[in-house]
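There are two complexes below, and they share chain A, which is joined by chain B in the first and by chain C in the second.
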Partner chain A sequence: MPQVATGGNPKGAQTSSPGRRWRPARAWHPKVPGVPGATSGRRGVKIASGIPWIMPALVLCVGLVYYCIGYTGLISTWSWDGISPNPEHVGAGNYSAIVHDPLFWGAVWHTLIFFAVTFTIQTFLGLLFAVLLHSKVKLAGIYKVVIFTPVVLAPAIMAPVFREMFSPTGQLNSVLHAIGLGVLEQPWIGQTSTALPAIMAITIWEFTGFTFVLYYAALSQIDNAIIEAARLDGAGNLRVITRIVWPNVAGTTFALATLGLIGALKTFDIPWLVTSAGPDYATNFLGTYIYQQIIQLDHVGYGAALSVILLVIAVIFGVVLQLWRNRRADH
Partner chain B sequence: MFEVRSRWKKVVLQVVLTLLVLPYLFPLVVMVQGSLAGAGVSNFRAVVDVPGFWRFFVNSGIIAASVIAIVYVVAMLASYGFAKLRIFGREVYFWILLACLTLPEVVLLAPLFTTDQKLNLYNTYWSVLLPLAALQVPFAVLLTRNFINGLPDELFEAFRVDGAGTVRTFRNLVVPLTRPIAAAVIIFSLIGAWNDYLMPLVFLQSPNMQTITLVPQFFVGEFNNDQTKILASALITAIPEIVAYLGLQRLFERGLTAGAVK
Partner chain C sequence: MRHHVRLRRLRPLALLASACIALPMAAQVNAGASVKAGAAHARRASSASGTINWWGWTPTDSTLANDEIAQFHKVYPHITVKFKLITIANWVTALRPALVSGAGPDIFEMQPGAYVTEFNSFATNMAPVMKQALGANWQSKIAPSGVSGLTYNGKLTAASVGSVYAGMLWINQQLFAKYKLTPPKTLSQWVSDCKVFTSHGEGCFVQGNATEGFLQDTLQSITNSVQPGLWTEASKGTAKWSSPGIVKALTVWKQLFSNGVMQAGSLGYQQYPDANNAFLTGKYAMIMMGTWYMQNVTTAGMTSAMQAAGVTNPKPFTALPIAFPNVGGHPSALYGDADYGLAIYNRSKNIAAAEDFVKWLATSSEGQQYVANQLDDLPSLRSIDPNFGAIQLVNRAAQQGAIQNLIKSVGSVTQPRESLLSADVQNAILTAAQSVASGSASPQAAADTLQKAAVAAGEKFK
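Moving on to the complex of A and B:
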């Protein structure tokens, strides 16, 4: 119990000026056991309204974000180049065009497959690193730094490095050649078949550190006694991981899945800077498609409609995340 | 976790780990090696000598510092209100904020673009830092509210009973006690603002306003696609981030993951 609640030596009591003593005396010992009505002190002083305190946040977020969402919704019913003073109102025209737009469906498909692949591999590698670094290995600190550093580096700054690395004459092909895998050499980001996997690889490079740190923290929470007991029963390493570790980190895995899904929907920097959403739209995502439509092609109305669709998908996943978080908090 | 008894197996474990980590090191090696190719160290000199090169860092610094300040102040005030004060319909307001959490910033492009031009905000710091702050605040509020919720009510009651108003309670109780979570808020705001690419790309047009994430593109034009100089510029812009991370390792790891672990 916190010291103030015992009524023994509340900090406030010592510093209060005599002029303020008129406040209900019993509030000094609000929780003395056995005293009837001991908790009524809570009602002695009215709690102030919090509205002024949350106002700045509401003004900033509602004023900016909700204003923008509303405006996007409005623009999405126009056929507009972003400049002309009299946009043509097309109602749901943009939306029905999107439904028949193969590039939109391509972007959705890329997002889904991108999420499925990056999430699976990151989960596997992140957990593997967490387990390995929880074992007795040397230089664990250095491995940790190497895995986590990509998380803090800006994707925009690393993009030219990856363009270089994946180019036909780049370092990846040199290394493949050097280790005798020359047959695998190819123009990684220059052909449709390998461009998306290259984007996925960059993303995995970038976020495994995040997955790893979360799992690392989650593993520290597992009671070692359980693992010891399992070992005494003859469970090997693999069995300990599949039967004890994996179920115990389920919460973390779920959180990572949701964050990964929202992250996949937000994907922009890497495909835009490394492959320019190509070749032939092979690495087109909703983010890059919206940017293209609004900024490059001046199809502002169409881009706005795409934005609304992206927003709806993102909010659905966001609500799922929150419901899950709340449910988890209740346990 | 992994239990290995024999010395031989320990070596195998170490080798496997090293092989798995190498791909993570590889791009960083490519960056260093590429930046030293051709003209060697003078690549760096060429980059640094470009007039206005440091301007990118100043701009990123100004934007990141402003975003951090806004997010910190606004989120702290709001979380205190949400966690410990009386608000009718509290959860409604909270959900209004939280709904912004998942918003991809690209959704803001069209309306911000037109509004910024109307309000003459285009190509100013405001056009970048306001949306960045607005997108960071909900998550910061979520984190700090949870944290303040965990502080015992009795502390707040003692202050109230003592006659301390909300302002004094905030200053003398909330601010000092929330330092651990404030560090997390500051770190993720820093990373979010410093690493952001889309907002500066769209809203900052003149090179003397642009941020470090636009440096590679700037140098593609400046050096006629000379890869070694571009990689040198990438390395120089990455160094502050790596140094900051190595210096504040724990804070970074905790700050970036604070949202997902309870």
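Moving on to the complex of A and C:
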């Protein structure tokens, strides 16, 4: 691997060697003894300089979001239909029932599979598109629009489209039949074996454009001199991508993994609108299960307990990912 | 980067990938028809002076609701009624927060069973209104199911507008005539008919099995053929859901899938709009629907329904009701409930106007005759029958007698459709049926799970 010098970045803030994480320059803050991050106003009076600025958001978050989380935690200890004025207190009963609920574990499993598959394929396709469109491609602007358009289309609008497309008499089977692959025709969303892959395919279609945009931006930050040096050393396309591009977009990949995981945990609209979380719960996720329990079956307490568990899972995964990232950065 | 990475060999991949991404967008054109027809499940409302809002899932064709409102407006010109159609699938989602927050509609529809259980506390007691409109013996003047099914702890939560019954199939007579087939009377004939249809590239029987409700109708009909009355007994708790008759019914249910009666992918179909559209566009010869499908024997009703299903220049075909095939050894009896009643929101600011509309539609001869002539619901007032002289049928010679016989036969119905089932039990029935159909559970295992779920849901068994 060639020795590479900095200089490509006008801000001069980028690391010079491939594989190293880019760090922004630290902002300067005046020091106030004993109060990290605080500045002094009049002599002897310490004022937290950022407090007035963050107050509106703080009030909103604490007053709304965290209050709701706390209230959901309270409801999760009730057996309640959401309407009755006298909910029954059941302690940890809902949590105990969830542990023994096979549908809950099925939803967790679907979430993990969903994340692993969609993240992997979206990452591959997004990076591929970004690399391709960084080369000289005619009508690149049109390709970018085509790739990104699914991101801005509302799932509620696209759901009927996919229900039509994946139906036994839909366009996908028609195309397969027309090209002589009729043996592959399936009732894609009407059987347990293919419903989840169909949901994953829709998600990949919808969000690959987002992955592409982030990678495209990340590629623009890579110093051309690194690529040039690699070329001079005889590196081919594959080597450039795997040894230079991929390490330099690691931060973007991490961000996408975090967003992808959160998205997987929140998955609701596509499986609910396309398959109603079925058939036979084959596309049931935590989000659809919570909705079904609270809205359709009036098990508000049970649904609240599921929501709390979802929150805990999200926090755990978030912390794990952050620790993994920090450890990787330290090395 | 742009000038240094040479990836021209990979450019065809970009074209191919872009085409894959564009494919679903191209499919949007066809899906539009499904969306339009999705608005296929609801009804309307009214008031003394002022404006009142009526939310409902039926009539599924908004034109019918607006016609009713127009008729009412001729009698009560100072009351404006605004009807909002909400699909049955989204009914609870939409109504629940509205009622709880105090922003609910003046009038909302109520159905026997889970809805009465859930929303009764938001409804006024309609018994005094009925007494005022029909006299002290008002209960004797309306269909019994319109009283018992809509009463909760002694309170009449809604005034019944009409009743619906299920347990029959509807056929496309043209398709049967085209292939010289007779409607199936047994399971073996059902299977053989389907073989003929599919061998000619036609669909045979279509049903939406993705959600509960219509799937339940088929299971109840099968059970009624296997052991008459068992379904109702299990619903009441006098028999178990795991009893041999239910297991046998689930076995027959499985056979509908394995013998090619049920269309491929039915577990992913919604009855509305998917199955309904497939039948109305002539792609299938049979569908499981109830008496509300009578509206499709009228020229106006069938034309409107076909247009909603995506047919550009609809040519109405002859739809006929037939008895559910004898799949278990006995003729399968019909069952039914009050289709819907109109409930008045107890926080409405215009209860007087709302009561005027409810009385007009649910208890007046004029309003009930209008309901009857639409052939959507069977009118709640016993004294009213459809006036076939004023109704234009698609094929009077074939349809009028069949519809009159159907209306006559529901007079002896004793089994309820959904009024005895809680949302939990209905969900458990859906799970059992889907698990058997998909092969993830045997009929016996599914029935055992269903029984446990019913017990867990609070159903008491003797």
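We adopt the following convention: the second predicted complex is superposed on the first by the 263 of 331 C-alpha atoms of A that agree within 3 Å, B and C clash if a C-alpha of one lies under 4 Å from a C-alpha of the other, contacts with A are read in each partner's own complex, and residues count from 1 in each chain.
Here is the rule we use: a contact is a pair of C-beta atoms (placed from the backbone, for glycine too) under 8 Å apart; a residue touches a chain by one contact, two chains touch by 3 or more.
These figures come from a predicted structure and were not determined experimentally.
Colleague: Go through the superposed model and pick first if A:Pro279 touches only chain B, second if only chain C, both, or neither.
Modeller: second
Colleague: After the superposition on A, what does A:Thr192 contact: first (chain B), second (chain C), both or neither?
Modeller: second
Colleague: Counting only touches as set out at the top, which of chain B and chain C does A:Thr120 meet: first, second, both, neither?
Modeller: Touch partners of A:Thr120: none, neither chain B nor chain C.
Colleague: Can A:Thr242 be said to touch chain B (first), chain C (second), both, or neither?
Modeller: In the superposed model, A:Thr242 contacts neither chain B nor chain C.
Colleague: State whether A:Pro150 touches chain B only (first), chain C only (second), both chains, or neither.
Modeller: both
Colleague: In the superposed arrangement, does A:Gln296 touch chain B (first), chain C (second), both or neither?
Modeller: second
Colleague: Is A:Gly287 in contact with chain B, with chain C, with both, or with neither (first, second, both, neither)?
Modeller: It touches chain B, and chain C stays clear.
Colleague: Taking the superposition as given, does A:Gln171 touch the first partner, chain B, the second, chain C, both, or neither?
Modeller: The answer is both, since A:Gln171 touches chain B and chain C.
Colleague: Report for A:Thr208: first if it touches chain B alone, second if chain C alone, otherwise both or neither.
Modeller: Once the two structures are laid over each other on A, A:Thr208 reaches both partners.
Colleague: In the superposed model, which partner reaches more residues of chain A, chain B or chain C?
Modeller: So, of the two partners, B touches more residues of chain A.
Colleague: Considering only the contact definition stated at the top, list the common interface residues of chain A for chain B and chain C.
Modeller: 82, 125, 128-129, 131-137, 143, 146-147, 149-150, 153, 158, 160-162, 164-165, 170-171, 175, 205, 208-209, 219, 227, 231, 237, 240, 295
Colleague: Residue numbers of chain A touching chain C in their complex, please.
Modeller: 81-83, 125, 128-129, 131-137, 143, 146-147, 149-150, 153, 158, 160-171, 175, 187-192, 195, 202, 205, 208-209, 219-220, 222, 224, 227-228, 231, 237, 240, 275-276, 278-282, 292, 295-298
Colleague: Under the definition above, what is the set of chain A residues touching chain B in their complex?
Modeller: Within the complex, chain A touches chain B at residues 2, 4-5, 10-13, 15-17, 20, 23-24, 27-28, 30-31, 41-42, 44-54, 56-58, 60-62, 64-69, 71-72, 75, 82, 125, 128-129, 131-138, 143, 145-162, 164-165, 170-171, 175, 205, 208-210, 213-214, 217-219, 227, 231, 237, 240-241, 245, 252, 255-256, 259, 262, 265-266, 268-269, 273, 286-287, 290-291, 294-295, 300, 303-304, 307-308, 310-311, 314-315, 317-318, 321-322, 328-329.
Colleague: So in the complex, which bits of chain B are touching chain A?
Modeller: 1-4, 10, 13-14, 16-18, 20-21, 23-28, 30-31, 33-34, 70, 73-75, 77-78, 80-82, 84-87, 90, 93, 96-115, 130-131, 133-135, 137-138, 141, 152-155, 157-166, 170, 191, 194-195, 197-198, 202, 212-216, 220, 227, 230-231, 234, 237-238, 241-242, 244-246, 249, 252-253, 256-257, 260-262
Colleague: Can you tell me which positions in chain C touch chain A when the two form their complex?
Modeller: 1-8, 10-11, 13-14, 17-18, 20-28, 30-32, 34-35, 38, 92-93, 96, 100, 118, 121, 209-211, 263-270, 274, 283, 423-424, 427, 431, 434-435, 437-438, 440
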